[in-house]
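Paired with subunit B in one complex and with subunit C in the other, subunit A is shared by the two complexes that follow.
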Partner chain A sequence: MSEAEVLRAIFSVAFLASVLRVTTPILLPALGGLISELAGVINIALEGIMLTAAFVGVVVSAYTQSPWLGLAAALLASALLALGLAFFHLELKADLILSGLALNLLASGGTVFALYSLTGDKGTSAALASRAMPALNLPFLEGVPILGPILNQHNVMVYIAFLMVGVIGLLLYRTRWGIHVRAVGANPEVAASVGLNVRALRYQALVLSGVLAGLGGVYMSMGYLQLFQRDMIAGRGFIALAAVFMGGRRPLGTMLAALLFGAADALANQLGALQIPPQWVQMIPYTATVSALAIYALSQQRVTTRHRPLMFPRTQTRKR
Partner chain B sequence: MTNETMAPQQAEAFRTQTVRRHQIWTVVTRTLTTMAMALGMGFVITALVSPRPLQAYTALLTGPLSSPARIGIWMEDATGLILLGLAFTLVFQARQFSLLAEGQLHLGALVAGIVALHLPLPIGLHLGMALLAAMAAGFLYGLIPGALKAYLGASELVASLMLNVIAQRFYELLLTYWLRPPGAGYNWTDPFPATAILWRPIPDVRINIGLPIALMATALVWLLIYRSSFGYELRVVGANPEFARYVGIPLRRVILLGIAVSGIPAGLAGAYLAMGVHHRLILNISLGLGFEGIVVALLARNNPAFVPLAAFAYSYLRIGGDIMERTAAVGSDLVRLIQAVIILFLTAEALFEQLSHWIARRRHLHVGS
Partner chain C sequence: MPFIEMRGITKVYPNGVMANHQVNFEVEAGEIHALVGENGAGKTTLMKILYGMERPNAGEIRIRGVPVQIRSPFDAIRLGIGMVHQNLMLIPEFTVAENILLGVEPHRWGLWDRSATLQTVRSLAERYGLSIDPEARVADLPVGVRQRVEIIKVLHRGVDLIILDEPTALLTPQETQELFRTIRELVKQGKTVILITHKLREVKAISDRITVMRHGRIVGTLPTAEASEEELAAWMIGRRALPTLKRPPARRGPCILRVENLSYIDEGGRAILREVSFEVHSGEILGIAGVEGNGQSELVEILAGLRQPTAGEIWLDGERLPAGTPRRIRSMGIAHIPEDRLRNGVALPLSIAENLIADRYFEAPFSRSGWLNPGAIRRYAEDLIRAFDIRAPDPEVPAEALSGGNLQRVILARELSRRPRLLLAAQPTRGLDVGATEAVHHFLWEQRSNGAAVLLVSADLSELISLSDRLAVMHDGEIVAIFPEPQRLSEEEIGLYMLGLRRQPLEREEGS
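Presenting the complex of A and B:
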């Protein structure tokens, strides 16, 4: 092998490993978004829940010096926020999209306000000695060429994210609860008429989606980066929603879509070292998302006229 | 008793009037109660983080009126919010959740800046051209999510949020690689020529002629929504898309144009920030201002006639928040918290149901029948 080839191999292995890293904070909220979408209550607040979890994780881990307590507190906060969203929508009849947006604003303003109150800094939590989640060394991958460097030594949250694809898939398609949730999303009136508790199932789906988004948020500030920055989620919660639709509202498809967005993101990071304006590169993931959204919508329009998620909220069928 | 002595038509008119008055009363009470509750929660939070919460809150609530210069800053800020509130009023009218205002604002500022700096035109024409170009930019950019939604059924919410980031990066790109003076170590352009600046009539006070322009825009948007056939179609599509389809309203075209037209005030808001506030293009020209229009539109109940009032009220809090941060070291982001609480409470339909039932009963007793 020539040196150039070796270099290319290393480059691509490092690149594939980085795809897994940047996919994680899209995949986790995307799985959350998937559950909420299948239950018929799309969670627009994924972005804000991730941001809150990222913040709470950093602060609690800094004060307790335990990343695990940070994780637990972050997940608790995520569940509470999602519960709040569910309460406003299901009990107080608030518009789901607007109240989701309000929670995003609440998180964006609230985290900066709390950060400023705690540290006097409005930008980052650099003043806090926060802890990160550990990286995992899988002994059976040690010394394996190519696969080893790609798959080994990632943050524990990366493995959790990909494990969750299978777990959520089983939960949604192989358990009674999953079948009920999907029934409630497909047709709430029919689900209610056969005795399902629509409201309770939607509560549960929203809270679970919040916890998954929270895992993604914790990874952002305690793995991907090791501090909190204001508005550090940078639209990943919404890219995750795009991944749900592009993935055909199925767990495996959602994962593939998240990987695609992750690849665009990783590419942007790689190109960042080149002599082109960084703004061009930073546009890549977002342009990719809009294009993917358009292509997916186009293909859907050809294939079927059945339930259209998030599209015409009150006119989902197109009768001719 | 009153009803029996009147002719049937009169009685009907009287009832309608009473119902309408009652509805307005409910809406006003509800909006004011919401603001009071949100401010109350803000005070509780302030008390938790500040040793002198009363001083901080006094700064928040009275600061903007404490000097003519501050009143000017308040008016200047409210002008931009009026335009952004109008943008959201238009999209929400059709129940579309396109949040593209932030991106349209960046593009509007960008093209206004390009016209201001690179297109020498005589006085009057220069200003008009820059404003027009900004409005056109906002409209054209809105066609993208509009078409994606109307013709492909793609979520306008996700598309608009992605397009916001793209527009912002594009703005930064042109600013840092082309528009700023070559070799400059800072990220802003030269000041605009005097022909491309919104004039400030009072020296040392920042209020400028953008305010009457924004009020004119308010009137135009009101006419568009309530006195034009397009506005009627927009409202029908928002209220009941099935019915709109049934009566033959071109649903897709209305959605496309609704999202695009809302870009006109949003683009204008961008031009206003460049030509009225900063007098040049700067790197972080918006700082998320595009999203603040949401709360203005909600406070105004999507009625453009109330947008200026809502913008002045909300802007008052924003400026008060800045003053509070400087004088009492309580973060101005508290105002964003208050904003979120306002949105949550205003959209929570059932929250006030009990209250309005109670009021309705009382008023019913007073009218007496």
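Presenting the complex of A and C:
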């Protein structure tokens, strides 16, 4: 492919459609991360939960030959992992960040171990005849110019991801549960003083964040790709956390930030066809994340840096 | 039969402090009962027991003659007892209505019913004659209004008795009047109010009966009409007269600190300081009065080098103060007693000795070529502990083991032992008992006699009036008045300036 063709490809409907595809596995865990962050118990284990879900989904769908059973098993595994994280932190009082990192390491090593035990292969699940989630054809988009090709014929998980933005927004801002979760995150003492069960709400928030991350993981191995590869999440669980903060800890902002990171990912995929060393191209999503966060942080501070206290920034410290 | 009856209440904390000893306390329905005493007298502990936040070691509680067990605040609320804490239990990010109905939100089909929430709060506010905007964010409200929100929140839980813990501590005289009107309205509607305070004038103004506590015991209960301020003070402190502060004569020297047109805009783009100008001279205490949040804290932090001003100049002894790190600023002879002593004044887990050398550990003899010299540090700490009368068994004791008054002495020892040219004292007696407060006043005056310039920010107007040689009043980031002889002013008069209702004509602002 020549440079001109690549450029043409970037500004095509196919590219925009691919942005939606690669945003999905960032957006889903980001919404999970958002819930846990607002509850005051940020879920660092999104990455590991996604990887586990991706693996479990592939294996169960291969043995049952049902993608739906694969999905169900993956979500169950995600919920259990998140429950474990919540248990370590809320019952055993372990540090939330360290517990999350431990789960990530466990997932990385554990999936490879299980994969090898099942298939004798340490790299991919190619030996397993796993199933994928179906693509969805929306009849009302058929034949619609531009929008049709961009929005139609995606994997069902893509639609679920963007639908979830609204659902989670509604949940957080228009239900009592959402108010309670945000209250618990903002000030656990106040929440407890009016009779809210801080611990239970944090359990619920963490498990829900795990399930959302699990959806993202399932999409990775049963939609975006149709097999499991070792460490296939490749940092998306962490990019998702970046999207939460860049999105100003709001659902819509989180979606926009996820789309930005998704666009960088899609760009890297397109440029893969060029005569550029692939290492450089593969750096794009990560460089984009780091630069976007840096620009965001600067824009937050630029106007005010000079007036900030040097030593004691008045940010709220989260109670652990 | 009394409404609330507490019999033989004894509370010993795990650290051995006996907060309440055989306390008998009664409240009649429909009265405003003031519970007074010094800090540490056990008032708050007694009320926390009544509200279920603390369990007593012995004693019983009866409500309308029926013995009750109060194990948690929920038990208390179920029994009709509510409490408004000194640090209000509100979520700043939430609106007034969300805060008031937190946990008991009206809902329909699983969704939060926003209009019903607003409606409920409006009718509550109307019923008790409290003006409030249900949709305002709590973070944007002044303290007096936040307190009103908290009171409505407690009322909404259906309580008959409201305990107010030091409710006027952060209020202006005018806001205090407003609060008193509210309290009277509540009583008119059949509620009972317990007011924890140590401000005798307020007690006289609002209460029906007074109970005085001292050292964890009840000294006595009497109708307010029969109590004189002198008598109450004697009961509280255990001696006849209030300590009268003898002002040593001022020896005003040359100008040490000159601030010119200092402005500060915060992270959110709000103007916190607007062209503030003033001078502090050697041998003089300049007091700064103001409702909290009107720029005093930021002013002190800028002078201490902890924040960078947006515009304006600061001159120390005729030299322009450079923008620099706190270490550089301190080396120029500026000492700082910070407002939040637990956060910014000491490192709680570190020892007293380590806290005392926190700003000089890098100098000889405390360290040489990067190695600390424990012997020298210990000797130095022992000297300061003696000189400043810090009550601690050993310099190696962690700071967190000390009482508030002793902690403040550690800070004073560190800050004053270097003979500062300029002393910035922010809320130096907040939360201290009478003895420790007197010690702080003594040290401030000693600095003044030694020729230091002292800038004193305090929320306690009577302290400002008695200590200051001149008194500046801040409102909304501006200095609205500077009075040469604050002793001739009344608190109410200063309150008018604090609230921005009155300001001095410009030409007088430079003061004496």
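In this section, the second predicted complex is superposed on the first by the 288 of 320 C-alpha atoms of A that agree within 3 Å, B and C clash if a C-alpha of one lies under 4 Å from a C-alpha of the other, contacts with A are read in each partner's own complex, and residues count from 1 in each chain.
As a working rule, a contact is a pair of C-beta atoms (placed from the backbone, for glycine too) under 8 Å apart; a residue touches a chain by one contact, two chains touch by 3 or more.
Fair warning: this is a prediction, and the values are worked out from it, not measured in the lab.
Novice: In the superposed arrangement, does A:137 touch subunit B (first), subunit C (second), both or neither?
Specialist: neither
Novice: For A:183, select first, second, both or neither according to whether it touches subunit B, subunit C, the two together, or no partner.
Specialist: The answer is second: A:183 touches subunit C but not subunit B.
Novice: With both complexes superposed on chain A, which partner does A:175 reach: first (subunit B), second (subunit C), both or neither?
Specialist: So A:175 only meets subunit C here.
Novice: Pick one for A:65: touches subunit B only (first), subunit C only (second), both, or neither.
Specialist: In the superposition, A:65 touches no partner, neither subunit B nor subunit C.
Novice: Mind working out whether A:191 is in touch with subunit B, subunit C, both or neither, as first, second, both or neither?
Specialist: After superposition on chain A, A:191 lies in contact with subunit C alone.
Novice: For A:12, using the defined touch cut-off, is the partner it touches subunit B, subunit C, both, or neither? Pick first, second, both or neither.
Specialist: neither
Novice: Compare subunit B and subunit C by how many residues of subunit A each one touches, and report the one with more.
Specialist: Comparing subunit B with subunit C, the partner touching more subunit A residues is B.
Novice: Go through subunit A and flag every residue that touches subunit B in one model and subunit C in the other.
Specialist: 308-312
Novice: Where on subunit A is subunit B touching in the complex?
Specialist: Subunit A reaches subunit B through residues 44, 88, 91-95, 97-99, 101-103, 105-106, 108-110, 112-113, 116-117, 122, 234-235, 238-239, 241-242, 245, 277, 279-280, 282-283, 286-287, 289-290, 293-294, 296-298, 300-301, 308-315.
Novice: In the complex, go through subunit A and note every residue touching subunit C.
Specialist: It comes out as residues 170, 174-176, 178-180, 182-183, 186-187, 189-191, 193-196, 303-304, 306-312.
Novice: Spell out the part of subunit C that touches subunit A in their complex, as residue ranges.
Specialist: 73-74, 89-94, 98, 102-105, 107, 110-112, 153, 264-269, 301, 305-310, 325-326, 343-344
Novice: Across the complex, what residues on subunit B touch subunit A?
Specialist: Spelled out, the residues of subunit B in touch with subunit A are 45, 49, 95, 97, 99, 144, 148-149, 152-155, 157-159, 161-163, 165-166, 169-170, 172-173, 176-177, 240-242, 245, 251, 288, 291, 294, 298, 330-331, 333-337, 339-341, 343-344, 347-351.
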